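Okay, so chain A shows up in both of these, paired with chain B first and chain C after.
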Partner chain A sequence: MEQKSVKRRKKDLSFLERIYIPEILKGLSLTFKNMIRPKFTIEYPEERFIPSAAYRGRPVLIEENNGDERCVACGLCSRVCPALAIEVQAAETEREQERYPEKFEINMLRCIFCGFCEEVCPEEAIVMSKDYDLTFSNREEAIYGKDKLLVPVNQLQDRIDFLRKYK
Partner chain B sequence: MPKFLIDEKEIEFQTGQTIIEAARDHGIDIPHFCWHPKLSVSGNCRICLVEVEKMPKLMIACSTIASEGMVVHTQSEKTLEARNAVMEFILINHPLDCPICDEAGECKLQDYAYSHGEGESRFTEEKNQKEKHVQFGPQVMFDGERCISCSRCIRFCDEIAKDPELTFVQRGDSVTITTFPGEELDNPYSMNVIDICPVGALTSIDFRFKARVWDMSATKSICTGCSRGCNIDIWVRNNEILRLTPRHNEEVNSYWMCDYGRLNTFKNVNAETRVDCPQLRREGKLVKVGWDEIYAETASRIKSFAKDEVAFLGSAHATCEDNYLLVKFARTVIGSGILDFMNHIDPEFGDDLLKQNDVAPNSMGAKLAGISPLKSGLNFEGIIKAIREGKIKALYILEDDVVSANPHLENIFAKLDLLIVHSSNYNNTTALADIIFPAAAIAEKNGTLINFEGVIQRIKPAVVTIDTDRALDGMEMSRLDKFGTNFDRWATGVKRDARASWKILTGLAGALGHKMKFNMAEEVFSEMSNQIEAFKGLDYDDIGETGVKLNVKFLEQKVNA
Partner chain C sequence: MALKTEEMVLNMGPQHPSTHGVLRLELVIEGEIIKNVTPHIGYLHRCFEKHCEVMTYPQIIPYTDRMDYLASMCNEFGYVVAVERLMGIEVPERVEYIRVIMAELQRIASHLVAIGTYGADIGAFTPFLFCFRDREKILNLFEITCGARLLYNYIWIGGVMHDLHPDFIRLTKEFIKEFRPNLKELNDLLTFNQIFIDRTANVGILPAETAINYGITGPNLRASGVNWDLRINDPYSIYDRFDFKIPVGKGENGTVGDCWNRYYMRILEMEESLKIVEQAINQIPDGDVSSAIPKRVKPPAGQIYSRVENPRGELGYFIVSDGSVNPTRIKVRAPSFVNMVVFGELCKGHMVADVVAILGSIDIVLGEIDR
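Up next is the complex of A and B:
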């Protein structure tokens, strides 16, 4: 049954390939084509890339129009976070929701931008922003507190719309 | 014994037992909300419906008396269908509060919704709205919407605390719980309703929103509020105790504990007043020193006194191990037999349920470990008298604030040339001390306590000190403890530089040239069990989680002595 044939291996070159010239021309033509194509490169940081609503930048907390945080400090984001980046301490408030985060910290050295916190949040209070340029020069600076995390809701509207549509 | 069949398994039961009780004795858990092993049967939640052959309808397992030859199905199609229906019915008006509810994670309704619920709600109408923020008493907050009207809290007040304070009002889906006019939920055991409430309708004002249950570790230990020694769990997050809850032990405290013990016995551990390193008084001022230095200095100061000028006070607040080593230290290292401890009796504290007038957790243990004057020695009053007369010049006190308990001692102790104190917190006694050893608190060490009935019970460390390590010492670990690093703020809670008293005594004995080879509390205990008749043959494993009752003979001897 077995048919005997010389098996051509992938790495064996054909005659044309072995004479080298056509291959070189093929390669060079690609180079020249790209030389005259329009450029993609963005001159960061002078120019900035603005990602679409689907982008997962650093997680931020939603600040309502009246200045209150929407978060009820349930700790579910902290529980689901695979990198244990989030620490929440709840406290009592007079507001209808009964509790609010007295402390809310995300360790940006731990965060892996997975978006699980956003997915689990029962209040739509934490969402992934478009902010990707995070710099810090020591560990302490990398822990973002409420001051850095709270972002007014109107700046996050397109992400919220995106989530409502696709989540 | 009569038998009946449950899920094709034949089990024995005692005449008069209900199906749910008999099943529970054999490890079969029938879902229940309103039934509680220590409360009367009310049969109103209907989740425990089971199929009993030859009965026309499903029966509630909590009030159906088991009988010979009965055939019960707890997993049949009919039962499951009924259970689902009951769950759906209860959930109709239950708010979706889990994210903001303290009960989440230990909630019966949540658990059963996972295991017996449909997961979809067919109820599209508006949910009932009720009062959500009602303070029932000084310690308990009530949320009307979460209540599933099981009546456990009402029955607890009527039957266990014997102080009827709560009742149902209204009917149908408007039914809710309230306190009687002019009453508050303020009986000494009021917070137990929080534990038995199957949902988060009753929450602790002290603990409210402090932590989610899955972020804490729970360590099995003993309450130190009085000589009952209620079994408890100590709940810790980031090395800080956040709450205590009672742990079942039928011999000691059943399912309960008092509010005093629950609220007051752990706060000293987190307090600002912790003594957190060894201290010496030099020229009238306390200075912080290292362990080697304090051992050396204490040894040299104590050596300058004659044997009968040094007295020792053991402590009903310290463990048996601590007291035993104090006895050994006094007798063999110093050679002094002047040894006693102070009883802490508060005639106002006790009651008929749990609370005892002896408000120290280990008076019996101190006695049995050998804290008692030798024939020639002096007792507590004798020691005080001898200090006043200037016969005793140095006093060594183990973990006991004797000055706060007897304010007149302040002037008498001023006469001492040397006062050495082991203490976990600053108090009126440490204020007079020349040498302060920072003692690990009860929640920071291993050891045993003996309650007023002679039940010896284990305490285990729930909080780490500089001297201990959560992972290496086999302490309970929460998720956060397991994964936290030195760079995480949520894993670097305060650790005090404190040591267990037995360990301090071992170190001090070493500085005085007497090697004691103890590395663990368990080794001290094993020497005790070889040396002292009452502890014969016992070890930590025997004592286990619920303790062992010691031989009554020894107890009586000691009490009468």
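Up next is the complex of A and C:
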């Protein structure tokens, strides 16, 4: 097969076009223009980004004011989870709601933050919080138990208001 | 006759910044000239199609997000349209408008990444940052609406997750106002830059006939001069209500179907998308967004092929249902996968350095190629 290069070089550029200086100046003028524009970025670890109420961050369980969990361990969240990240074990209790989760674990390595658990929950007991920078140093640490998942209800009020308004 | 040298095999990737993900290219070269290219794919394979068979229909939506992760909204849109056609669901007007606005904003965001990274691939780094700045504004709009910035899970079967944020319309109008001058700036900086034109014009020419034979779709096909867009030629949702043009490659700076043309199509398409968004936010009716969401998604036994125009081309879903809550089979016709096929043809006879320019102009997403 005869080798051929498809590329054709333009030979009819004018002198100004050939030295490319006008093009470089055009590019640089934009650079200088942007120096005086307002900054678009934020300096993340020092300056934190605060998401709106719509934000779907780490899923958390609601802890009532008396320290009990609102969850009744029906297991719907665990069944609807597309990533199979939630494990619930129910137990009986003397309280009014009769059942509570003895064990509630979310594997944060599996969680895809889709929000189906929050959507399906009949008790509004699991909601998406605003936490977004989750870090772990090993796989065991990434399995969040009830100790990490329970968050007092007053810290999640704006998300609950948002859900009531838009769902 | 050039000097004959011995053939050599050069591996490019999988860890290469210009292969746009984990793609390995096996280049057979003779000196600088490329004789043959074999793409090796599959490094990102996640068994999407097989995995769908054990999931319910709504559970698949977050997974469709993860195929073409730069155009998640459009992927969801395509899947949801397919399931709705299978089930015969009519969605409310407002939902249709919201979906179109989201899909078109997503198209702009996706094209911004495409042209930004294309510039960065061939040595122009500034436009990359500018493109990402503008994309960030779109992602902010998505975030206040559905709570996520990349993988939305927003468009559901029969509706959308929840209604628009009260500020959404105002912020979108502001974005359009800010974005138009930025697009012009981008044109000045990159599109009509002589250095960029010299680098990309007449490189990787894809004639219309070859494009059709290989089944190329999307901006790559239109750059070759073929007027084909599913939004016009096979309208889905409410695209027939909007007034917009389909940009077609004319070869302003070289030959029809070269890299520059493929790049320029995306700029023109962004302008058209802006027009659609503008018309849609002015016409959007009030109403409910979740009334048509079925309690249980259980399509009747049957099969359907439904296609939509993704930023990268025709995205088709073939769904076979046996009447249960899980699909029997889902096949995805991914535009990036089909567009990648022609890559070897385009590279033949070019220099090694042009491989990067050609690959960038095809605009592939490996998440979609491998699924």
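By definition in this document, the second predicted complex is superposed on the first by the 134 of 167 C-alpha atoms of A that agree within 3 Å, B and C clash if a C-alpha of one lies under 4 Å from a C-alpha of the other, contacts with A are read in each partner's own complex, and residues count from 1 in each chain.
Following the convention adopted for this analysis, a contact is a pair of C-beta atoms (placed from the backbone, for glycine too) under 8 Å apart; a residue touches a chain by one contact, two chains touch by 3 or more.
This one's a predicted model, so the numbers in the text were calculated from it and none came from an experiment.
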* Given the touch rule stated above, what does A:K39 touch, chain B (first), chain C (second), both, or neither? -> neither
* Asked: Which holds for A:R99: it touches chain B only (first), chain C only (second), both, or neither?
  -> first
* Asked: Is chain A touched at more residues by chain B or by chain C?
  -> C
* Asked: Which of the two partners, first being chain B and second being chain C, lies in contact with A:G75: first, second, both, or neither?
  -> first
* Asked: Which holds for A:F113: it touches chain B only (first), chain C only (second), both, or neither?
  -> second
* Asked: So, does A:A90 touch the first partner chain B, the second partner chain C, both, or neither?
  -> first
* Asked: Who does A:L30 touch here: chain B (first), chain C (second), both, or neither?
  -> second
* **chain B versus chain C as contact partner of A:R164, first or second or both or neither** => neither
* Asked: Which residues, counting only chain A, touch chain B once they are in their complex?
  -> 72-76, 78-79, 84, 87, 90-92, 97-99, 105, 107, 122-123, 139, 143
* **chain A partner contacts - residues on chain B that touch it in the complex** => 99-100, 132-133, 208-210, 212, 214-215, 480, 483-484, 487-490
* chain A partner contacts - residues on chain C that touch it in the complex -> 1-2, 30, 33, 35, 55, 58-63, 126, 133, 136, 143-148, 151, 153, 161-163, 165, 185, 188-189, 193-195, 198, 202-205, 290, 349-351, 354
* Going by the contact rule at the top, pick out the chain A residues touching chain C in the complex. => 2-10, 13, 17, 20, 23, 26-27, 30-31, 40, 51-52, 54-56, 80, 82-83, 112-116, 119, 128, 166-167
